[in-house]
Amino acid sequence: MTAEGLILKIDCPDRPGLVARIAGYVADYGANLLELNQFTDRVNHRFFARLEIDTNGIDVSVEDFIDGFGTLGRACQARWHFRRLPFLMRTAVLVTRTDHCLNEVLWRTRLGEMPVEVTSVIGNRDDCREIAEKEGIPFHGIDMAGDAKEEGFRRIAAILRDEGVELIVLARFMQILPQWLCEEFGGRIINIHHSFLPAFVGANPYRRAYERGVKLIGATCHYVTTELDAGPIIEQEVARVEHYHTVNDLIRLGRDCERSALARGIRYHVHDRTILDGNRAIVFPD
Amino acid sequence: MTAEGLILKIDCPDRPGLVARIAGYVADYGANLLELNQFTDRVNHRFFARLEIDTNGIDVSVEDFIDGFGTLGRACQARWHFRRLPFLMRTAVLVTRTDHCLNEVLWRTRLGEMPVEVTSVIGNRDDCREIAEKEGIPFHGIDMAGDAKEEGFRRIAAILRDEGVELIVLARFMQILPQWLCEEFGGRIINIHHSFLPAFVGANPYRRAYERGVKLIGATCHYVTTELDAGPIIEQEVARVEHYHTVNDLIRLGRDCERSALARGIRYHVHDRTILDGNRAIVFPD
Amino acid sequence: MTAEGLILKIDCPDRPGLVARIAGYVADYGANLLELNQFTDRVNHRFFARLEIDTNGIDVSVEDFIDGFGTLGRACQARWHFRRLPFLMRTAVLVTRTDHCLNEVLWRTRLGEMPVEVTSVIGNRDDCREIAEKEGIPFHGIDMAGDAKEEGFRRIAAILRDEGVELIVLARFMQILPQWLCEEFGGRIINIHHSFLPAFVGANPYRRAYERGVKLIGATCHYVTTELDAGPIIEQEVARVEHYHTVNDLIRLGRDCERSALARGIRYHVHDRTILDGNRAIVFPD
Amino acid sequence: MTAEGLILKIDCPDRPGLVARIAGYVADYGANLLELNQFTDRVNHRFFARLEIDTNGIDVSVEDFIDGFGTLGRACQARWHFRRLPFLMRTAVLVTRTDHCLNEVLWRTRLGEMPVEVTSVIGNRDDCREIAEKEGIPFHGIDMAGDAKEEGFRRIAAILRDEGVELIVLARFMQILPQWLCEEFGGRIINIHHSFLPAFVGANPYRRAYERGVKLIGATCHYVTTELDAGPIIEQEVARVEHYHTVNDLIRLGRDCERSALARGIRYHVHDRTILDGNRAIVFPD
């Protein structure tokens, strides 16, 4: 990724000449197209692209460059989004007990692998408080037991709004989000599910995988929608298992799948490498 | 695998001293234990083992060695099976249109990778007739359209009985077997399903995988039981897919998964490396 | 891949505006850009692209469209290549004894997976003659034992020239090509080496892998250059091995790596999805 | 792994009846064989086995059980080793700058995935001091620059002897150990090398992988011997790379390979699942 510049994500109905027009706009103002990923969905006749643009040499202001694109975007009936680089995506991480996914996010963030700023860790249990606080990140403990659940979600939403997060990571958060919350933060919530979806939707996937006697277990990183475990899939990972692996072994082996699928999924999102195409996620990996 | 000798598969309720007694029996008559694989299911307290035995040095006849084991086997309340080596497993392959799985089986058989003798290829369409006949293998075309289906399955069963097959491979055979046939040949029918089960049970898994937007597709080699696509899994294989892959691409990429999962599944079965443990298959790979 | 149209491969020194100019040329004459893959090597400041173009709607002849691009290509100091679709790449397959790679190429060709026409199979032994001839493909047996080797290579080159092949596949051809032949057919010879290069360059890689005790074996599909096993790598595949695998097991497991790495490597080449960047191969996979 | 009991590792010249005698010994004193892994190297005629034994029901003391085995072990000319469970393997971790491998070891230890007690972290730079100390583990900073190197290694050896470690993990320790140290701690030093050995022995493997244009990078976990990067391999891991990955991307992707190969390698070692067979490591995975 460039140190400075712009990322443009765009999608619109397909028609001839789109690349020429978009790349032409970039070139016309003296910007340099560093990377272009493009995909045409020939079933639904829709065009998707991601551009990485070096704006060092442009002969207008960056604001002007972005504004001026609107005319072209509207002419194409496009949805588009510019991101200015460098940036850090404000991110909240929601957890319950297990810490491996949280640890992975924190470690990669600290290493600079991902342009993320973790604004807070929110837990319906206190197990991960110490990890967050050692890292200097605020931890919000939210009671969600029994009748407190509804109020708990309202408090979580308030925190998310307050912190202005652009990404919410469910890092093995063992609560089903209410519909209104999924809708309010649509396209900004990433979950890690501990099975290779659509196998084992719902609870206890490792136990069910053991009982079914599968030879592969997995994990799925997906956007959260109002339908449980049915949102657009960003990344999946599998691991081989044998007959001698117990449910606990599956849980252990699965943790590694979860960590890597989640890490890659977040990476693609924060680098603006994902675009939604109905219930499918277009991913331009790096 | 040894050129000459015995393979013993055994399973029984777990108790202390089983390995000592079984290996002791082998040693007592001067046979040599070449390979021992053992597994104890600690949930169900059941013991499973596979032994490869060199009988060159034994001081009784092989028949006597096998017979004499019965006393020990019964004392352990075991199920057991001896196979004399070398052997070729008599195998029928059932097909419909596509030939990639059939080709794979024939190629590996010809190469001597698997101790298999394909006694016949049975098809409800004629698409694979030429491949079988070029190889010098009888092809039985069985009409199964509409009302002919029931009679078709009776004819297939008659062929299988007649040829005394020990293995029936459903190599993309696009018909659901009737319950009576599954039961008659229980534990001897291997299917290749074109998804990573339990995802996408039933028809058109590649189309459904495309629509769900999964990032991995797969294939599952399993024993056939009376419940569709729910029998014990022997082997699974997956391949990575991207948003730009169409349903046809998934079919193409899936073929490679199907070929390798089926080939390995058959290999484990014909080498007596599988033992059923309820609805799970214990597999001692080689 | 489109049924009809053009594939353009191009590479040139990097400069701003390249995508706009190339895509602009396509749009200017009413052609439709179906797929664009682009890569900028920021180390060597070189631009690489592959375009798939639907020419159905163009308002000049295809010849004229191709010719006219020359002005732009030269202005960019580019190397470029147009391929008209549909096409079949004329291909010779060189073999010695083992047939698994040859079989794989023939099977995928027959299935229509790859736009290849196998013009002949050339062997320095007769082991694969029957396979070729059953398929209706001429087999040239070339004696290369001892002193006959030099004359043998001259005869092979004469056949390749005569048949006007655009691709030469070394499908486990166990002879080292002379320098003059590598040079004459530079960029058109693909080899499958039975190790994950650069490990185990040269002879007997499986034996050496066994002796080294590696836990992964592999295969490498690469372009042939005058330096043994050192040409640009197109594709690699690995498989897990265990301590109990003998050299023969490694050979068996390796065959599957060789088949799939070679098949994908050929696929990328014949779909014009590879561009050489010094000793590295840029591959835009599909 | 059992909560309480014994692990027996044994290897000896192959002969008939070994499993019967060893398992017989276990059964004779009322112990229960929970798991048996066995391998016969038919090339070198050597027998290897690992037994997991439940000693709860034995009718002698565990010491006596262990002592009494000596007669059988000597009769078989065996090397053998008993480990009493539960146990924690005393382990020192050597580091330089990068912390991902250290983090992985600490995280898995904390989680109880591996029976390890990290006695100290030793670094020739101070970069990892904070991580160790946050975890409550002593950090020894050892100056090894220039002339201080020899003295540095003597100090390290003194610490290792002093702490009575049974395992030394080189977690991206960027110094070549002197021969005397490799010999003194032979079979107890595990290194993670950042390539799929034997490719890219020595320095800068990621840069060399980039320059060679490989499509797979990897990591190798191996025992350290006096020959650089040539010791017995315990585990290897690979990741797919593309032409657009820079050297820095390879380093990033490689970290994940290093972490998982090292974690699994350590796991196998501390669970006594490895036995050396010349320069090859027999690994009975779990």
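Labels for the chains are A, B, C and D, by order of writing; each one numbers its residues from 1.
The working rule: a residue touches a chain if its C-beta (ideal position, glycine included) is under 8 Å from a C-beta of that chain, and two chains touch if they have at least 3 such contacts.
Values in this document were obtained by computation on a predicted structure and should not be read as measured data.
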Of all other chains, the one whose Cα centre sits farthest from chain C: D
Pair exhibiting more inter-chain C-beta contacts, B-D or C-D: C-D
Mean-CA-position distance for chain D and chain B (Å): 37
Centre-of-Cα separation between chain D and chain C, whole angstrom: 41
Residue numbers of chain C (touch at least two other chains): 42, 244
Chain D - residues contacting chain B, complex: 16-21, 23-24, 26-28, 30-36, 38, 40, 42, 57
Residues on chain C engaged by chain D in the complex (per definition of touch): 39, 42-43, 196-200, 211-216, 218, 232-236, 238, 242-244, 246, 277, 279-283
Touching residues (chain side chain D, partner chain A) in the complex: 100, 103, 107, 111, 113, 134, 244, 249, 252, 256, 260, 286
